[in-house]
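What follows is a pair of complexes built around chain A, which joins chain B in one and chain C in the other.
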Partner chain A sequence: MNSVLLINGLIGGVVFGAIYALIGSSLNVLVGVLRIINFAHGEFILAGGFLTYVLLTYFGINPLVALPFAAVLFFAVGYVLYYLLIPRLAHSDEPETASFLLMFGVSLMIVSVLTWIFEADVRPINFSFDPINVLLYTVENGYGEGRDAKVLVPTARLVALAINALIIVALTWFFYRTLPGKAMRAAIMNREAVQIVGIDIHRLSATAFGLAASLAAVTGVLLTLVVPSIDPNGGADLTLIGFIVIALGGLGHPVGALAAGIIFGLVEQVSNVMLPQAAAQMLGFMILVAVIFFKPSGLFGLERGR
Partner chain B sequence: MKVKRGVITGIIGPNGAGKSTALKTMYGFLTPSRGTVNLKGERVNGLTPSQMVARGVSFVPQNRSLFNDLSVEDNLHLGCWHFRRDRARVSRAMDRVYEMFPVLRDKARDLAGTMSGGQQRFLELARSMVLEPEIVLLDEPTAMIAPKLSRELYDFIATLPEHGVTVVLVDQNVRQCAAVSDHIYVLDLGATRAEGSSEDFGDDEDLKAMIQEWLDYEID
Partner chain C sequence: MQRSSSPEIEIDTRRADTVRRTLWYGLVVVILIWCAVIPVFDGNLSLYFAMMMWVTLATGLNFIAGFTGYMPFGYVAFYGIGAYATGIAVKVLGMSVYLAIPFAGVVGVLFGLLIAPTLRLSGIYFAIVSLSLAIICQRAIALMPEEVTGGSLGLNLGVVTVREHGYYAMLLILVAALLTASWLARSRLGKALKAIRDDAEAAEALGVNVTRSRLYAWLLATLFPALAGGTQAWFTGALDPQTAFDVLVTAKTVIYAMAGGLGTVLGPLVGTVVLVWVDELIWRAFPVLNNFLLGAIIAALILFAPRGLIGSLTRRYPRLRRYIM
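What follows is the complex of A and B.
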């Protein structure tokens, strides 16, 4: 019996872990390139989820079609939002604190807009693939004589995982193989030097903001495939997960978040099925505290110049 | 302050005189509250560094400006940002810079942060050259590097005017700066105290005494 539970936990861990990795990567781009603590990140994710919900519920549009649409739309939103909000922060006496408060305000605004439109209700996502589940394998007599235990995974979760993996591969390629990607990593290492080589720091930052918003929205779309409901108040938890992944993976590692996300997902999901709930909730945070304590730069170190 | 085309103009002065501030203002990192910066008759204050790069100006700041966790090649490649879409020009620029600095070709795949301080300085200088700049602003290029490399760096800087490059050289090392500069400005407390060619300075006893005084500060 335990082996089936464990396998389910592991699969869930990879599915959620990949989502967490994506949240960590996009938040990392923002924190790294813009030096902005984005408190609204979870709300960007929710906004992508609600976009999917609306398109599906009122227009019958498949989330897989909503995905590229959300990606492009939110890139544009992030790009424009950067120019509207961030450059004027530089005139503030305390740009970091100001950005912190500003993004907190943006997050509250998005939550109020969402609760205004959708009320404070959790909304169901009525979408599934055919077949609904994929049978991974069967443990004969797993539940005692004559009762086989089947390891079933919702098709939607596998699809989400596959898309997630593709996005992570594409991101890695972008950050490590293309010049704009290297420019973003360079900005994480040394923001001043990026200007010295003649890169327009505002354009680069706006692009990073757009990329982060786009990835966040895509994460929201994928989440609707993984969890068949969406809650307008769920944003803060998602933001928190993003920061946990950054703390584990190391700030400024755009893709170092991958391992951290998967580790956190596995610990969370496996302990969910194996341990009492309170203990399970604590374990993830214990790992976080331990990493901050013993290796403050994260499991994969800090990628930063100077 | 005037910078003549095709020669080296030196700026010297004690710590805190405003030398770096002057260069940063020329490069568009800072906007002057008074006065103007003109480039070939065009008023350029208020322009950003990337707009200055577009006008053929490059800058090697006093502080290290490399991307430590990127390879030497990637660092140079980012120096091509302004013309990155012109593939042919990028590959020409890279070839040219490797020819100028053969050591860098051997280290192309090393991370910039793993090189010695002197090599990093060369890499920064090399990166400022990929643009084939008309004007290079150098802020204390030889500060804190070994004497042998420092001499090599000076030899390199001295050849720049032959290639039609205009150089503004900020330096604490008065003697070396004077040796390569066509014209020198002496800054103190944010203002020009004196200017002239290195020969003029040789005759000015007051100035010599002043410079001697800074040198004394710096020794201890």
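What follows is the complex of A and C.
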């Protein structure tokens, strides 16, 4: 086992883990506040990525400029989408399963539109910072006599990680220090009680949906910095990662999702360098199944009935 | 509970049951004859094969999703395992395909038994775990040695028999699934399952063995997709992990069954026939936006007819219950 490989795996783990934490946080808002099993979450992320791709490729706009634009645009889209789709779900016998299927339909529609516009091939994102890589560490004689091994990290990944960390701090502040954030946390605990204390549940829910869509789109923008290509069919994998993260961290647990995202990122990236690819992917799902079976409240969750 | 003792009501209930059964068995015979003559008159074999396969899958899903309320989002796992059991039996073990299909059914049910503990989970957790297990199966098969599963490229069975044999095998499986559905709906087990779905604690208090009843429904639900997957591999002569474990197979099965109405015997049949035709028409007219329209139909169904065509009809016109199983 090469130590440089391991260090690269660990750094990749933190970078990807932060992205996964963000995916988990936004999915958690939907699952926790709205009880919506958003099967289209990965496609929301992809939509943010494709927005970045279009702005960069056709208008030469820097992804860092696209980021706030995507955040505002997708907040509005999510806010409207809530009123179009969700209130009717309450008529269903089993709203959770119904939301799962509804959002599956939405995801099919988004993927179909994306493949229609961009065709089914992977698009490159031609963007890099100067310098392209940052040298973090040199292992002397890492590859044997007189041949040093270098730990190089793309600058874009470090920038993505820094922005990601800022967003996570802002999100934590929002959830614990502002009134709408506290209302959302209250709604996660008890949706009925929140209405009794005079909160307009529909406005709160629409805001939560907007926030989740906005965060998902921002994740998509950051993802183009981490992986400089975008695939219209990659959404389902992202959705599944989101569910793994919230199952690990505990449904509706805002901090749990962050830790779970990092843990999952580390496991995935390190096993990626040590195991065949299909085995590394299998590992993630095995962790998910094991956690749901043996610790159904998540690694950080409180015991709750289900 | 006091049973309504009026003899007229008793006779009327029995008469309604006879009417429903006659209509249903008549319909099954019509389907049997209709599908059986398709190859004779050079009909569209692939389309009818697909139609029969989807009806079988939707009916099988109904055993667990309709009768117990569990939504197995990894339902495709049984289909894929059935396909691979058939492929390996024919290609590696050199078994006759006529034996390989029942073998696939047995393997499917054994796998169902193996993951039966997932029935402990409820609601969305069951759905997520089920989906994850299907993905794990897919990756595991891709990882297995190429001599056995063909790895990520899959197995090429080639022409096993003339296509018509595979077609008629599917027809037999379809009829078996439909008859199992009507048997289940009228059986003690079916009634127990509906009682459990509506109120598990009350059913338990009345002496229904909740765990065992659910397990039986689950095993029935795992048998038919395994048989259908095996027959599909036989009919097309090729299989690979991507298509054998495609999430879309589960999704379409769920949608077809829901479109007709889960929990009714007729629902999955009607929903599948209508939607497969719609899908085929959309596919011909707008090949590009096929999935877009499929997604829009799913969303519209969930929002405007969550009980499906048959479910909504019998709700609006309760008299139809006399005729619909």
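Please note the rule applied: the second predicted complex is superposed on the first by the 294 of 306 C-alpha atoms of A that agree within 3 Å, B and C clash if a C-alpha of one lies under 4 Å from a C-alpha of the other, contacts with A are read in each partner's own complex, and residues count from 1 in each chain.
What we mean here is this: a residue touches a chain if its C-beta (ideal position, glycine included) is under 8 Å from a C-beta of that chain, and two chains touch if they have at least 3 such contacts.
None of the values given here were measured: they were computed from a predicted structure.
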Partner chain(s) touched by A:Ser92 [first = chain B, second = chain C, both, neither]: second
Partner chain in contact with A:Met109 - chain B first, chain C second, else both or neither: second
Which partner, chain B or chain C, touches more chain A residues: C
Overlapping contact positions on chain A, where the chain C interface meets the chain B interface: 306
Complex contacts: residues of chain C adjacent to chain A: 69, 71, 73, 117, 121-125, 127-129, 131-133, 135-136, 139-140, 142-143, 152, 247, 251, 254-255, 258, 288-292, 294-299, 302-304, 306-307
Residue ranges of chain A touching chain B (in the complex, touch as defined): 179, 182-183, 185-186, 189-190, 192-201, 303-306
Chain A residues touching chain C - in the complex, by the definition given at the top: 37, 85, 88-89, 91-94, 96-98, 100-102, 104-109, 111-113, 116, 236, 240, 243, 247, 276, 278-279, 281-282, 285-286, 288-289, 292-293, 296, 306
Residues of chain B defined as touching chain A within the complex: 27, 29, 48-50, 52-54, 58-61, 63-70, 74, 77-79, 81-82, 84, 113, 127, 131
